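Each of the next two complexes has chain A plus one more chain, namely chain B in the first and chain C in the second.
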Partner chain A sequence: MGPGVDLGLPLQLLINGLVLGVLYALIAMGLALIFGVLEIVNFAHGELYMLGAVAAYFLTTSLSVGYWGTIALTTAGAVGLGALFYEGLLAFIAGRGFERSILLTLGVSMVLQNGALYVLTATPRMETTPYSYRSVILGDVSIPLLRVFALGLALLAFAALYVLLHHTRMGQAIRGVAQNRAAALMVGIDTHAVSRLAVAIGVGLSGLAGAALAPVYSVHPTMGVAFVFKAFAIVIIGGLGNLPGCAVAAILLGLLESVVGGFFSPTLVDSLGFLAMIMLLLFKPEGLFGRGVRL
Partner chain B sequence: MLVSSMRATAMGLAMTMVVSPATGQDAIRVGSSIPLTGNLAFFGQHSRWGAELAIEEANAAGGALGRKIESDFQDNRCNPAEAVKSVSQMLSDNRYVAIHDGLCSSVILAIMPLIERAAIPLVVANGSATAIAEKSGVGGNKWTFKVNPSDASLAAALVGYLVAKMPEKSKSIAYLGESTDFGRSGSQGFEIALAKRGLKLASADYYQQGTADFTAVFTKIRAERPALLALYAVGADFQNVIRQYVSFGMNIPLTGRVLTDQIPPEILQSGVLDGTTSVQPYVPEVDTAQNKAFSAAFQKKFNSLPNLLSRESYETMRVLIDAIKRAGSAEPAAIRDALEKTSLESMLGATLEFDANNLAHDNAVIIQIRGSKIEVIGLNKT
Partner chain C sequence: MRAAWRWSAILGAVGVSATFPLWAGSPYGLELGISVALFAVLSTGLNLVYGYTGLLSFAQVAYFGIAGYTSALLWTNFEFPMLAGALMGGLLAALLGLLIGYASLRLSRHAFAIVSLSLALLCQIVSRDWVSLTRGPMGIPGLSAPTVAFAGIGQVSFDRPAAFYYLMLSYAILVLALLYRLVHSRIGRAFLAMKLNQPLAESQGIDPLGYRLLAISISAAVTGIAGGLYVFHLTIVDPSIFDFYYTEAMLIMVIIGGPGSFWGVLAASLAFSMIPDLLRFSTDLRMIFYGIVLVTAMLAFPRGLGGLLPARIAVPWRCRAQA
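After this line comes the complex of A and B, so read on.
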């Protein structure tokens, strides 16, 4: 490289894109997991993410719980909420047609969003933590500390999910149900319990995302909308139900958005994921890494 | 006997049910289509509150033409298509004497042809796109009256101040705004005002409403090293922009339409925004007796400080009610004629009168953040 070449801009965009992509993956992963096991597209996923962020906001501001305590409590609460979500609603429609699941989760999404709007009003809220305005500086590159934490939490969650799915009996059962529910039932796997666990983990991941990102983005009832549609695009690009595919697609989208937003126009950014999704549906409808249940 | 008594009671109840709506029809009704849900619902809420306070005060003082004033609010989610639907419905109801605002510039531009065809006055409180006034009065649409300043007049007031006080920095202004008529009008206003002084914007970037992440565009702007960054963002987007601006260590002084009343307190108190110079149609810190009275009444009723949306809606509803009173009639055409002859003192100390483009020229507030405090440094006529 010549002495006049400034690597600061591309390097910063690359780092921004990687961080953004991992955050997208954190939100999309829960969606992919629920689809992989139950074949239900959870349209309420964005609102569950929003609930996580709202819970984190109130834990921090009203109960003065610290950042890490908020992350732990919100994630645990989201796991519990996920189990309830399955037992109270999803268990009744699992395997009873795609349309029912769309209508039900869409309905839950509307109720949660408008309920939050009624209770909290539309006023955007900001969760403030002791780390809110600190950055990690590496040469010409700076990364806000809370994004570094969110990145670390996401990577930790992915690692834990990997260990659970590939090195535990419960994980084997989840993968078994995802690959062939009828066969799993025949060999004695409790598919109901496995499905409940998958939804609990999926919603737990969205709660973790909400808690980790509440101090990064403004908290308001419609905050999930911006992310959930991108998450849908990511899940389709990665291959429906394919968790590794979903992670790779999320990081690719984050990088693409960062580069386009940095070198061209930010107005193009939102359409990129959907443009990629349309192209894939036309030329590789099974997604980048193959449609199917690969956990 | 019992039967006839029951019949009489039933007839009485039926009569009551018939009479009640007639009493409602006696009220002078104003229609309004604003975002009550979606990203800008917070602003819609404040716009509604401002209008409701003005109506409440007018009704407490006897209403207009001896009748009570009432307003109906419908949700448009800041979406022109939904606004066209809701305003069309209101116009077909044929019971509104005027339409109050739409909040978003794109919405107002979309409903202007409707109110012109229906021959009903539209009083604009919040939409700031320059095109609204350009298309009104001698611009063609005789039924639209814009009470708040346009983006062009606000930008002209700000650029005039910046060039006079910060001539070197004025030569390198980057622009970041939402990709709506509001954001686009802001950059247009800057470009026109700068061009008059032989200057131009260093760069202009726009983002979609609802964008959560601004790191890419901030990286781009930081690499360009401008002296000032003109910001045109509202609602939740503004909160995201301002927080990420600080956490990303932007260090480029802000200007434009920085919503100082929406800045999180910890950011304001940290001092990182010191040096921000902004223009607003209103800030709660304006030190006039009328503003203090308005602010106190607003806080008492809504338990919240007013913002520019609530103040603009309050002032605009005052203008409309004043016109209805002077018109001596609730006929839309008479109200339109009375609006043309408006001469009413605003809470910012200017006399509100409509020019040939049906645009009123209120004072603009130039503000600066100094020592973590918001200071009003000038009230300039737009």
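After this line comes the complex of A and C, so read on.
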């Protein structure tokens, strides 16, 4: 490296991209988990993420709950909401047609988004925490502390999900139902309970993402749209219902967006996910990591 | 007997809509009339892809808006006439429809739904961010519909709501007649055969991808042309042309009318262009209302109000594919 070549910028972009990608993965994996078990594409996923962020905002601002308390409460609330979402709505349409499930969750998403607009108005709100405006400095690279926490929380959630899916009987049941619902039913797995659990975890992940990102980005009723738009692209790129594929696709997209964003216009950055999705569908329609449901 | 009844109903409807500006009474009434004609085209366009070929498309609003931007930009920058601009917009929309259809349908119908939604969201974002082309949230203002001399009538300025109403109405009647012919032709039967039983249809030599792409591109073209014309009534095109409101309204009309039912969807588009207006809902409340209607419909009567009809009447549609 000759003089004048600055390693700081590329490294900074790389790290920003990694953080972004892991957070995309948090949302996309919830989407993929629900699809894997129920064959339902949850179009309300972005709004559930928004609800998580709104809840975190009010817990911190109005009730003065601390940062970690807010994260824990919001995630727990989201898990409960997910179970309720399944029992109240999804259970009635599971297995009754793909279009029907899309339209139902789309209706839910419109009610939530516009309900939030009606109650909260479109004004963006900023959540401040004791950790805001502090950064971790590593050589030339500085990362805001809240992003480091968000990254850590996401990695922790992945580890927990991995252990749950691969080292517990409950996880075995989830994977069984995702592989073959009828066969799972025949060997005595309670598919209803498994579905409820999968939706609860999926919504819990998006709630966690909302709570972790509320102090990083501004909170407003349409914040879910941009995120879920990326998540859809990731889910297609990674292969529908393929969790590891999704995680890799999410991190790749985050890195790509960050690097491209360093040099090109924001329009191109926002279009990247879509362009990647179209390219992939044209040249490798079964997804980066092959067809089939793998949890 | 039934045919006679149908034709008198059609003639009556045409008569009522043709004389509408004479007794509409107010500019507000005319606005409502234009909106009914617009949504009749949009929802029938969606019905063609969703109702007849079974592809859930969220991209209709993207075709509508892209063609709107195309005709507005061509008019502003190159002085294209309104009609030519709208046709170019329709063409572009059809090409875009072919692209996403070809890319996603080789995977599955599921992928098509997701990709079409992504396209609609992408259009929203790009129209807002690509300021050098679209002027971002400011939009492209000052569009004005042309004044045309007609033999026998004289100069007609389409800036006047009544004249624009007739323009939109003629376009709607043209599209409805064309699509009615289409879905009742060999091609329409192929659409339906594919939707009812794809392997069987394929064994009869029907190529699903080709027919689906045909349906998508026709639907995109008619929806796009409607957008290319409509922006001249709005006089401005800005990112709100891609608003989810249009998507949701179209979906409600097709679903409540009954996917695959030509007259049901037409009746629903009439009802649902008027109900929220008559109830004086604000935009937020209107979207909530539509959302609740959508959720209720999916839980209670997924085949539309038409699906609640006795089986005897619904026989032609009885084996509609569930998945």
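Operating definition for what follows: the second predicted complex is superposed on the first by the 295 of 295 C-alpha atoms of A that agree within 3 Å, B and C clash if a C-alpha of one lies under 4 Å from a C-alpha of the other, contacts with A are read in each partner's own complex, and residues count from 1 in each chain.
Following the convention adopted for this analysis, a contact is a pair of C-beta atoms (placed from the backbone, for glycine too) under 8 Å apart; a residue touches a chain by one contact, two chains touch by 3 or more.
As the structure is a computational prediction, the values presented were derived from the model and not from experiment.
Enquirer: After the alignment on chain A, I want to confirm one thing: do chain B and chain C clash, or do they fit together?
Expert: Chain B and chain C clash in the superposed model.
Enquirer: In the superposed arrangement, which partner chain does A:262 touch: chain B (first), chain C (second), both, or neither?
Expert: first
Enquirer: Once the structures are superposed on A, label A:128 by its partner contacts, choosing first (chain B), second (chain C), both or neither.
Expert: Only chain B is touched by A:128; chain C is not.
Enquirer: Taking the superposition on A as described, I'd like to know which of chain B and chain C A:117 touches: first, second, both or neither.
Expert: both
Enquirer: What is the contact status of A:146 with respect to chain B (first) and chain C (second): first, second, both, or neither?
Expert: First partner only.
Enquirer: Between chain B (first) and chain C (second), which, if any, makes contact with A:16: first, second, both or neither?
Expert: first
Enquirer: Would you sort A:226 into first (chain B), second (chain C), both or neither based on which partner it touches?
Expert: So A:226 meets both chain B and chain C here.
Enquirer: Following superposition on the C-alpha atoms of chain A, which segment of chain B from the set 6-14, 24-32 or 78-86 overlaps chain C?
Expert: Among 6-14, 24-32 or 78-86, only one stretch of chain B overlaps chain C, namely 78-86.
Enquirer: So which positions on chain A get touched by both chain B and chain C?
Expert: Overlap of chain B and chain C footprints on chain A: residues 114, 117, 225-226, 265-267, 270.
Enquirer: With touch defined as at the start, can you tell me which chain A residues reach chain B in the complex?
Expert: 6, 8-9, 12-13, 16-17, 19-20, 114, 117, 121-124, 126, 128, 132-135, 142, 144-146, 216-218, 220, 222-223, 225-227, 257-263, 265-267, 269-270
Enquirer: Which part of chain B faces chain A closely enough to touch in the complex?
Expert: Counting only chain B, the residues touching chain A are 37-42, 44-45, 179, 205-208, 210-217, 219-220, 223, 235-236, 239-240, 243-244, 246-249, 264, 266-267, 270, 272.
Enquirer: Per the contact definition, I'd like the list of chain C residues that touch chain A in the complex.
Expert: 50, 54, 56, 99-100, 102-104, 106-107, 109-111, 113-115, 117-119, 121-122, 125-126, 129-130, 244, 248, 251, 255, 284-285, 287-288, 290-295, 297-299, 302, 322-323
Enquirer: Which residues of chain A touch chain C in their complex?
Expert: 41, 43, 89, 92-93, 96-100, 102-104, 106-111, 113-115, 117-118, 225-226, 229, 232-233, 235-236, 240, 265-267, 270-271, 273-274, 277-278, 281-282, 285-286
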